[in-house]
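For clarity, chains are labelled A, B, C, D, E and F in written order, and residue numbers in each chain start from 1.
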Amino acid sequence: MRHTKKKQQWMVGLMAGLLLMGLGSVVGIALADEAAPPAAPAVAAPAAAPEAAAAAPAPPPKNDSGDTAWVLTSTALVLLMTAPGLALFYGGLTRKKNVLSTIMHSFFLLCLISVQWVLWGYSLAFGPDKGGIIGSLAWAGLSGVGLDPNPDYAATIPHQAFMIFQMMFAVITPALISGSFAERMKFTGFAVFILLWATFIYDPLAHWVWGVGGWLRTKGALDFAGGTVVHISSGVAGLITALVLGKRMGVGTEHMAPHNLPMTVLGASLLWFGWFGFNAGSALASGSLATGAFVTTNTATATAALSWMVAEWIHRGKPTTLGIASGAVAGLVAITPACGFVSPMSSILIGLGAGVICYMGVLIKGKFGYDDALDAFAVHGLGGTWGALATGLFASKAINAAGADGLFFGNPGQFVIQIEAVLTTWIFAAVGTFILLKIVDMVVGLRVTPEEEQRGLDNSLHNESGYA
Amino acid sequence: MRHTKKKQQWMVGLMAGLLLMGLGSVVGIALADEAAPPAAPAVAAPAAAPEAAAAAPAPPPKNDSGDTAWVLTSTALVLLMTAPGLALFYGGLTRKKNVLSTIMHSFFLLCLISVQWVLWGYSLAFGPDKGGIIGSLAWAGLSGVGLDPNPDYAATIPHQAFMIFQMMFAVITPALISGSFAERMKFTGFAVFILLWATFIYDPLAHWVWGVGGWLRTKGALDFAGGTVVHISSGVAGLITALVLGKRMGVGTEHMAPHNLPMTVLGASLLWFGWFGFNAGSALASGSLATGAFVTTNTATATAALSWMVAEWIHRGKPTTLGIASGAVAGLVAITPACGFVSPMSSILIGLGAGVICYMGVLIKGKFGYDDALDAFAVHGLGGTWGALATGLFASKAINAAGADGLFFGNPGQFVIQIEAVLTTWIFAAVGTFILLKIVDMVVGLRVTPEEEQRGLDNSLHNESGYA
Amino acid sequence: MRHTKKKQQWMVGLMAGLLLMGLGSVVGIALADEAAPPAAPAVAAPAAAPEAAAAAPAPPPKNDSGDTAWVLTSTALVLLMTAPGLALFYGGLTRKKNVLSTIMHSFFLLCLISVQWVLWGYSLAFGPDKGGIIGSLAWAGLSGVGLDPNPDYAATIPHQAFMIFQMMFAVITPALISGSFAERMKFTGFAVFILLWATFIYDPLAHWVWGVGGWLRTKGALDFAGGTVVHISSGVAGLITALVLGKRMGVGTEHMAPHNLPMTVLGASLLWFGWFGFNAGSALASGSLATGAFVTTNTATATAALSWMVAEWIHRGKPTTLGIASGAVAGLVAITPACGFVSPMSSILIGLGAGVICYMGVLIKGKFGYDDALDAFAVHGLGGTWGALATGLFASKAINAAGADGLFFGNPGQFVIQIEAVLTTWIFAAVGTFILLKIVDMVVGLRVTPEEEQRGLDNSLHNESGYA
Amino acid sequence: MKKIEAIIKPFKLDEVREALLELGVQGMTVTEVKGFGRQKGQTEVYRGAEYVVSFLPKIKLEVVVGAQLAPRVLETIVRTAKTGSIGDGKIFVSELQDVIRIRTGEKGESAI
Amino acid sequence: MKKIEAIIKPFKLDEVREALLELGVQGMTVTEVKGFGRQKGQTEVYRGAEYVVSFLPKIKLEVVVGAQLAPRVLETIVRTAKTGSIGDGKIFVSELQDVIRIRTGEKGESAI
Amino acid sequence: MKKIEAIIKPFKLDEVREALLELGVQGMTVTEVKGFGRQKGQTEVYRGAEYVVSFLPKIKLEVVVGAQLAPRVLETIVRTAKTGSIGDGKIFVSELQDVIRIRTGEKGESAI
């Protein structure tokens, strides 16, 4: 975990290299792409989607203006979740001297993964399937990803609309992890680690669960908007990162109160607002399914907020603002995989569970002694796990015929599938994260020096100060 | 207004009870609901909507993707108005030591009323009419409120979309009141009072004005997006609450400047942004009516902001940021009932009036001696009253054929109806609020102790501190 | 640049006069307008749009619910860009004592131009053409601007929806300038200057480039969402204003660090979010074109953010939060004219250029010695120029058949046209701004007194304090 | 000349200031400080974790006065800043060698 | 050794600091304070209600110097902090018994 | 009675406070200040422009104690606040004429 001037310059070079690589590959692709007749995407699509081709006599899929409006709106909403939503939610929880470095995590990832997704991420996750494990690089640089619908994924919106909606999920997932390593991670180590994580953990996982041909999707695991892919994976990665990095200096002895709770509540509110895009947008069309997901999302969130608040009230004697805001986020997490498959009434139960479970989650970290600084694991890891399992309990075909019945609706098999999906995700995320961290630690280092940590990361990593 | 440990624990119990009750009733309803064939909602709808049934030969109403996209977007926007919009607008105006308790009012209500609305609120307000006064409990727990349109309310969007759009109105209304009792109300007293208020004041009022069969609706009162139901009711309730609670300690002697005006302007801006959902979303479809309401909303708001600013400039010598932001909110309030019925030019006049009237409103509180801490009454009570009356002046069938002509378009009768609606709302809100406050004061108490007030509510009620 | 009590009162009178004038003209127009049969707009439209009338046998244009939903949503998003987006982006960069006066610039302009646009601005910019130079006043007070589509501009949304979408562009453009004159301009001078600027610079320019019959539009200049009209014009105006006003006291000697960078990042994030409305909304419909513009916007923004960050990292040794946020804004600016005409891959190159060019732009101000306080010129002037030229390089008919091919796709002529458009805009904006500033300086004065500047503008101009 | 430093409860500041004004004190300087003493600190709870904030917000008031006015200033502060509950604060008195008014360069008591 | 406390206008800080540096002063400590005095407070208006903010932002500069350097420090502060208008501030001078440098434990003038 | 003012590094506050408590010190007052001294300031960069922030965040700790306890207080502060690197801070000691406890009106050492 040493930190040398050399390495830093080396990293700047690497970052610049990434961009220049983009530049290089782009000139080729861009020219090739656009020189081809505009029909090119249409040609590519059937190859990637034999089922659709089989349904030939039907009219070709057409963009629906309402569905497209909803998905574009949803995409913008999910962007808002990462920055400023998550950036402020996390930023307010840190100490003043680390506020910018924490905000930087989210903002930088929004930029980095936006580019990664266009260049290779989308292709790995959703491109033509390779053995159920990963997408091919056929769609790298968005080659063949055009403005007509790809009915494999969404039949009434442009393929690029689906692509960019999914981009925002790829962006926020690593940003969620950053809550666990706030206030002590090197910027270069963070940047390299997260680029690797997005490529080697997130992209495959997204393929398994959502990609055509992905093995968990084929198996029938239900994950409406990303409980396993987004929340379990990031939460578990957060736990591992907290363990590998070790505690922040002063944990347990110094007073580390959040420096700006109004900022945190602002962030939580924007997360709630944006999550409608995340969950209801995952219907990929505007109508009944989106509406149902919207209603369950709001209901579970409200209930979880109240249940965390009441749990803390009973446990500690007073209801807190941070508690109700954290509970809301816990509810949003838990309803994510379930929102399109369950009734509003079931969503109340899911919310009730989420608030209590995640509150207990933040308490245990004191017992186990890891320093998950802003509780990424408690909220996303545990909340996501509860949500994925609850989907296996409460899912109902009466709500979504394309889904499945859960345990409480007479289908224990679905619950078993959900358990499998959860376990797979836990193990894959934990092992993968650990390996990547060790590699990055060896190559560029993970942790700032004690002197840098004491001075605060805003100054030591970024030469800035949050407030003057 | 005493405060005992006992009572507090009792209240935690009550809160928890509420949730458990939800839990209990839910298991029953949920199973019953989903076990029934998915056609159930379709069966329920005609019963509740005989007019629609009469129009039988017409094709059944279908969800329109564009309309649904707009209403879902609008719903999210109205959520944003409460949190973080109103939360920050009010939060910035308080002293530092009370910022969280003030933000908590809005955030907690978003959670509480979201659950109340699903469990019983929506049914009371919009469920099958009982004598023009209230909805029945037939739709409690959203029983029969499905994903097909209910043409009684909106023929081209899912019934649940209408339900959740209306939910956000039920959420923000009590939150508006909180401006009047900021910085001195007990949390338990607040929570109980507001739950009662939502159930016994808001739900009936919404039924009268908007519910099928509601007596004010039947009478022909015009209220496009909630001037009476939302703003007059909350503003008047604020006035009564300020009178019953008494002044904050130090009012008139201590310097009580807003602790964070950028936060307040941020809140006001988000209110403006979200209000497009509130007003233009009230068209319940995307098209001409929504567009007209959007344009009048923006125009009246801008004009009111300028007119408050100029009024203060003339009166006090300088234009202020808080003035222009407050004026914008006053304009938003005033145009709310009128926005779908008046022309852009009329909206300028409504805005001009709103800025001046509400500015004078904030001045009189000094004269009358009540302590409406953040001016809920001056802005929402007076602004709402002006808007409801102005609707009776400027409404024009040339703008909205489904509306009516106002006094200036040759129909004085409409103005009289508006006066009736205003008076009814004033009286009902004032008396109802007073009774509920007295009951709550006896049972759990309304006001914090002087020591708690001095220490600041963030610490004394929530064990927190806004900033570290 | 003197400042007298007299003048101030005179200005209040002028402001009030503006409003009263609106009031006066309104009563007449409003009555005339609405007394006329509702068909009036339909009558006006063909007169203004002979081409549409010629296509008579085709069915009359109808509002599409999805397109309208998208344009209304986009309009709200662009409003959000000005306030709170730009207000906070700029507000966080100033010193604490000037935060409100800076926020006021954006908020006040949102109000002022909203009214100006309805009264005469829209008509000047988009009304029936007068010799390619300006629109007539036929549409003043929105006379004839109704709720049916005007196919000249957008065939599937209400004419008023197009009008109010364009309004938000007219609002943000002068607000962008305010970054250059922050912390030292008189409020009255600012208000008068900007009202003149909007009327005499922005409205004609918008007509040239976007109005039917406008000479630059006729010439074939490409500007999808406002690179020349919005960004070059405001950036160049900013440069001139900075030169005319002179430096802030203490520049170069006092430490002028941004007082609240989290606020600035919040603003930048909201700009990014809102810019989807700005760019993808400029498709004026929801579908392929909007989606394409959405994707290029996000991609260029992310790339520019990274490229500014890396440029500063290499130059100054550390990546900064302000750098990445500024780079994102630079990317948004640069992609604006190009977004609907280029491929995602080309957008990466545009973004790469934007980050580096604008970063070099902020460095040169130190060399040349003007005090563009918050870098309106470097970001909008230079970024906009790069974007407009890059459109002439990367535009491709394969992406947008209604556009043109750029230099890299075999059409050098387009690049020449773009250069012409850029030069015209630079010269017109620079000369026009200079003349207006000189006039305003003579009549009301431009700069606050040194004592006012030292005390801070929040107190000296607005009698307020940002924080207590 | 005496320098009187009083640590008081924040909400008492306005009262104390007005009383001193009446006494003829013409200036004072105020600092926001945190105090630790016999008064119990506040509890704060963040995500279930309890902290005791031992430092409480206080106001430090500095008044420089001539020796003859000092006793009345002390008495006035004690009277107006007192609530009777723990944490009311302390007054520290020390001797000042010189005072200069920057605007005029005056020295000594006339500079106060 | 002397402790010199100067209450000055905030925007004068950089000028004063540089002048002191040139004089050979090696350290100083600065606090943001609020001052009340002859200088008229600022008016603030919130929703039509006028407040007079009697406490104005000031900077308190503390410099500890040996007795022989003190007069020149005083003269330098007076010269650089003066604007000539009311509210320029005061300088208070008192005697210090001891100074310790924490890093080394040095005492007395060598610790300054 | 002695007034002991220590300028220390912010993150040392908790350690110093606990050590003083053990010593029997019953109260102290803390102020956030900015210090200028031998310790190099921090560099900040905003949009490519470099600033050196010469004033660094420090904590000023004020403790009033009886004369006999003073030496041990000094020794304790030096011991616990020391990191050995430049910028550890200074301690200033001065004589106090009187102390008053506002709550009770007590004077002298019993008021501490």
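Methods note: a contact is a pair of C-beta atoms (placed from the backbone, for glycine too) under 8 Å apart; a residue touches a chain by one contact, two chains touch by 3 or more.
Because the structure is predicted, anything quoted here is derived from the model rather than measured.
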Once the contact rule is applied, which chains count as partners of both chain C and chain D? A, B, E, F
Smallest number of touch links from chain B to reach chain F? 2
Any chain touching chain C and chain F at once appears in the list A, E
Could you work out how far the Cα centre of chain B sits from that of chain E, in whole Å? 52
Averaging C-alpha coordinates per chain, one finds the centres of chain A and chain B separated by a number of Å equal to 34
Shared-interface residues of chain B (touching two or more other chains) are 64-67, 69-70, 73, 255, 257-258, 260, 286, 316, 318, 320, 322, 463-465
Touching two or more other chains, which residues of chain F qualify? 31, 44-46, 53, 94-95
What are all the chain pairs that meet the touch criterion? A-B, A-C, A-D, A-F, B-C, B-D, B-E, C-E, C-F, D-E, D-F, E-F
Which residues, counting only chain C, touch chain B once they are in their complex? 8, 12, 15-16, 19, 22-23, 26-27, 29-31, 33-38, 63-70, 72-73, 75-76, 79-80, 83-84, 87-88, 91, 99-101, 103-104, 107-108, 110-112, 114-115, 118, 141-142, 147-148, 157-158, 160-161, 163-164, 167, 187, 260, 263, 286, 458, 461-468
Residues of chain F defined as touching chain E within the complex: 2, 6-8, 31-38, 54-55, 58, 60, 74, 77-78, 81-95
Complex contact set, residues of chain B against chain D: 250, 253-255, 454-455, 459, 463-465
Provide the residue numbers of chain C that touch chain A in the complex, in ascending order. 64-67, 69-70, 73, 77, 95-96, 156, 255, 257-262, 265-266, 269-270, 272-273, 276-277, 280, 285-292, 294-295, 298-299, 301-303, 305-307, 309-310, 313-314, 316-322, 324-325, 328, 343-346, 348-349, 352, 396, 398-399, 401, 408-409
What does chain A use to touch chain D in their complex? 255, 257-258, 312, 315-316, 318, 320, 322-323, 326, 359, 362-363, 366, 375
